[in-house]
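Every chain is named by a letter (A, B, C and D) in the order it is written, and numbering of its residues begins at 1.
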Amino acid sequence: MQTNFKKPLSGIIPPLVTPLKDNETLDVESLERLIEHLIAGGVHGLFVLGTTGEEQSLSYKVREQMIRESCRINRGRLPLLACITDTSIVESIRLARLAAEAGADGVVSAPPYYFATGQPELAQFYEELVPQLPLPVFLYNMPSHVKVSFAPDTVRRIAEIEQVVGFKDSSANAVYFQSVMYKMKHRPDFAMLVGPEEITGECVLLGANGGINGGANMFPELYVAMYNAALKHDIARVVELQKHIMQISLSIYTVGKHGSSYLKGLKCALSLLGIINDDFVASPFYKFDAPERERIHQALSQLNIQNGKLIF
Amino acid sequence: MQTNFKKPLSGIIPPLVTPLKDNETLDVESLERLIEHLIAGGVHGLFVLGTTGEEQSLSYKVREQMIRESCRINRGRLPLLACITDTSIVESIRLARLAAEAGADGVVSAPPYYFATGQPELAQFYEELVPQLPLPVFLYNMPSHVKVSFAPDTVRRIAEIEQVVGFKDSSANAVYFQSVMYKMKHRPDFAMLVGPEEITGECVLLGANGGINGGANMFPELYVAMYNAALKHDIARVVELQKHIMQISLSIYTVGKHGSSYLKGLKCALSLLGIINDDFVASPFYKFDAPERERIHQALSQLNIQNGKLIF
Amino acid sequence: MQTNFKKPLSGIIPPLVTPLKDNETLDVESLERLIEHLIAGGVHGLFVLGTTGEEQSLSYKVREQMIRESCRINRGRLPLLACITDTSIVESIRLARLAAEAGADGVVSAPPYYFATGQPELAQFYEELVPQLPLPVFLYNMPSHVKVSFAPDTVRRIAEIEQVVGFKDSSANAVYFQSVMYKMKHRPDFAMLVGPEEITGECVLLGANGGINGGANMFPELYVAMYNAALKHDIARVVELQKHIMQISLSIYTVGKHGSSYLKGLKCALSLLGIINDDFVASPFYKFDAPERERIHQALSQLNIQNGKLIF
Amino acid sequence: MQTNFKKPLSGIIPPLVTPLKDNETLDVESLERLIEHLIAGGVHGLFVLGTTGEEQSLSYKVREQMIRESCRINRGRLPLLACITDTSIVESIRLARLAAEAGADGVVSAPPYYFATGQPELAQFYEELVPQLPLPVFLYNMPSHVKVSFAPDTVRRIAEIEQVVGFKDSSANAVYFQSVMYKMKHRPDFAMLVGPEEITGECVLLGANGGINGGANMFPELYVAMYNAALKHDIARVVELQKHIMQISLSIYTVGKHGSSYLKGLKCALSLLGIINDDFVASPFYKFDAPERERIHQALSQLNIQNGKLIF
């Protein structure tokens, strides 16, 4: 299998929210607006059906539609990754094949999340799964949701399969991220990507390849600027941009109940910014009521936004 | 909607293992043998696609087939419950409708297990889900796998919907179980069922309605005898049977890695007993190798088994 | 060393609250009233400085005073156990020697609770500690507070030291409790005691020796009655008493913040019942304010209490 | 009270191991050698009785001696901080007073670690504790050991007390660290210090004041060099030094059982390097046996050490 990732995938690859009308209906119009907004904002790739994309809450019909429509709208302009995380290996493979047919460039996989595996089982699982996938594979570490963390040595073992071309870490544990970086230093083609936007700057400074940052759905230019500043080792700029990033994180993602506040806040802000029509969140989460929506409105009003763009 | 559970569902309702040939192929012949073995063993109901049934590891095709074939083989002889736990509400509803058409008597639902909900969201989720289901509903508490526990008051709130007719607790936390029992004492038609076979005796003594005991796949008579002894308040017999139950639990479910040892040990023992053909375990777990299989063989040889039946 | 526990310690052994005037001052008068109340209520032993006794929050001066005064007041009427759980082995040994000199009959030890040990280290720790203790030893399982649980095989290994004469489990995990019971069935002199009062009935029915029940500080007769009913296999009575026990548990221990609600509720109720003068709780917890105190008052008023005694 | 921290405490402040002969005997000779080694290595402060210093495992006699001897040996050459973390507020205050008398410059406090407090209780606890302490106070976040994390808003609330002059975070959660940094940006005199040496570089780049790095016990120059490179924004140097730091971390702290491997490996290496006489670890941990010691020896031999100094 030919991979398109001879060089590691780099830059800001936003995990797209999935615009919805209800639990069964993708809002294609909003998706078009979102993707054009991201491409215009200078991002380096697109990642659909991640945790921010609510993959697990969606029906398979909507998951498939989301992949197909995103590939159609993207028209190959940016590398597009599709998440295939599932508890069933059969469904993971099926979704990966559909993604390949639709034109995706890679797939992303977090461990099965009902049964918790030990490390040897986890490695064995990927050794079974990966060869059945038609696209390059990025491993996705998300212990808060899947209960299992890839041990650094497990990443290294799985990554002996050449088709495995990158790693996304959403643990927020920076010691862990450094450990995986060190274990993978023999593979310069291997992309080390970090989930939380709050630490993308420091991770890129230390050698990571980029960030899969949810906030880029709203303000792609900000996160791209952070990536570029870090790449250029412009620390003064990194520190300045970091303040904007933290302000967003601590005002937009912290309304309401912990756990769902990030997703609800992000979708709410996107609808207030006019990027998506409705902030419908799939069950078992529910979009904000008026008081929480007002708090997001106020958080946005604290930012310097002109013509829909954040000035920083 | 008419429910068939005017009286609470009671007795031993084994969570059937799902006999497999590989990740995509149900072993129907073994399933027939298993169901006849259980019915001959005197159990009071059948529960398919639970955690023991590896629902989450199976493709949807196999999940559907498992429900259909089980209903066909059962021919209405026993109440049959199908698990519809899913991260997607749409897929949960779809599976429940299929179960109703196939002839199942009720559905069982644990909370969505990717995103962890707070208690109000959890209640709201079931208030959305239950009215869309065509069958009576049993809530399923399984915090080790789904990360969320139903608070006792949440059970009570959800159970204000008459269609919710029972509760299965697999937490092993007996204080918690007593708390839910107390909160639900106003509904004598509400079935309080306990997962772990190691505590079914004591729970039934205190008023629970029965057990969803995995070991009953192997030795249904033992767990039925425990249920009957507890129902008759025959403590001497309960204590005696408890020793057999603990011997099985501590020898057959404790080989190899924690977490998967229960499932692998149970399927391995069932294949050694000739009840299922193969002990194939769906990915991301893998059946025992020869040394572990030998340990299960030895554990079985410590039991007094004659003509495939445990003597106790 | 001669132990006084040729037969296993049995019955209701309340974990005494520590009556305080402030963080540094034991309220000896209240302690006298509490101990007389307990002895009059028919309990079978006294346990001081447990989790309910706030050992870890107290200065060593108060810990020592609590042991000495309790032994003095008890005058050998009941077996008296002192908790010596500490993160420092040296301080544990020192407190145990003081307890022996003061006249205690045994000591209770949970694992060190700052560093979390693995099972081999845990066994090694007790093999080092126990021979340096001048009294019979009860192991104390309290994973929610000490982060480590004794594996059943670790209990068995440590209990090869004859001086280890019992086990108290506060995990609330009834499967775990049954597993330890089974592993220890070769030692009929070994006391199996359960912490949570909500499950003492069912545990004693299955063969446990008794309960270390916090509610017995308030209403010793109720828990003694439960113990006796279970011992006599009077299931109807057990089920009836269980309702009273659950009512207390779900009304008095559930006010305010989770975690500290049990301790604050218990001390508040004891002060309202006139058993202790003040419900001062040692830092880092703080006694209830007026609104929470009123809720405890109302919870008590729902019980049938006449002349300070619960009628059941 | 006058504090000595008008400017935030900055640089590398090693958490000293506590050299021991046995559970009750401080090895003063080794302590002298260690402190001279650290001062010669250019560190910016000394921190005694932290997690690396095994405070909780030591008797109070040894804790007090460790503070007194360290202050005596230090002779005021470097700012010296003493950890006073305790489950008893009375003992915390007592130790802090002793530290002040001995000449320490500040105290460090992690939350009480037996009972887990909620955030309001945690704030209330520090509002009670801090005014009774005679020295400037650094808060210490250590959720893996104390079960509770300071919420960023709780840090901010407690830090309204001027005497609270800094924060040490050992959570390894870099998103969390950034959040506290942002919440505390109004206090430029407030020291933001990070525990794990694996992320000190990136944290200092983003504005943190320094690191409390255990590895500095062995190779103080390396961590001081990292601090200086980060301070000068010399990213190429940071990345180069990071490789050495990760090599040490992944070879010396990963032998044997997880949890205790860091402490055992560090003390073992220090004894092999001749900095301390014996690698005795206080109960409930135990020093490495010969095979593990050999693995540490090999890990050290992979480093370029000349005349006891790491060449990098």
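As a convention for this text, a contact is a pair of C-beta atoms (placed from the backbone, for glycine too) under 8 Å apart; a residue touches a chain by one contact, two chains touch by 3 or more.
All values reported here derive from a predicted model rather than from experimental measurement.
Undergrad: Supply the minimal count of touching-chain steps required to go from chain A to chain C.
TA: Minimal hop count between chain A and chain C: 2.
Undergrad: By mean C-alpha position, what chain is farthest away from chain A?
TA: It is C whose centre lies farthest from that of chain A.
Undergrad: Let me have the rounded angstrom distance from the C-alpha centre of chain A over to the C-alpha centre of chain B, please.
TA: 36
Undergrad: Take the average of all CA coordinates in chain B, do the same for chain D, and state the distance between these two points in whole angstrom.
TA: 49
Undergrad: What are the residues of chain D that contact at least two other chains?
TA: none
Undergrad: Tell me, which parts of chain C touch chain B in their complex?
TA: For this pair, the touching residues of chain C are 152, 172-176, 178-179, 181-183, 185, 196, 198-199, 201-203, 205-207, 233, 235, 238-239, 242-243, 246-247, 249-250.
Undergrad: For the complex, which residues does chain C have touching chain D?
TA: Interface residues on chain C, with respect to chain D: 23-24, 51, 56-62, 87-91, 94, 111-118, 120-122, 124-125, 128-129, 145-147, 257-260, 263, 282-286.
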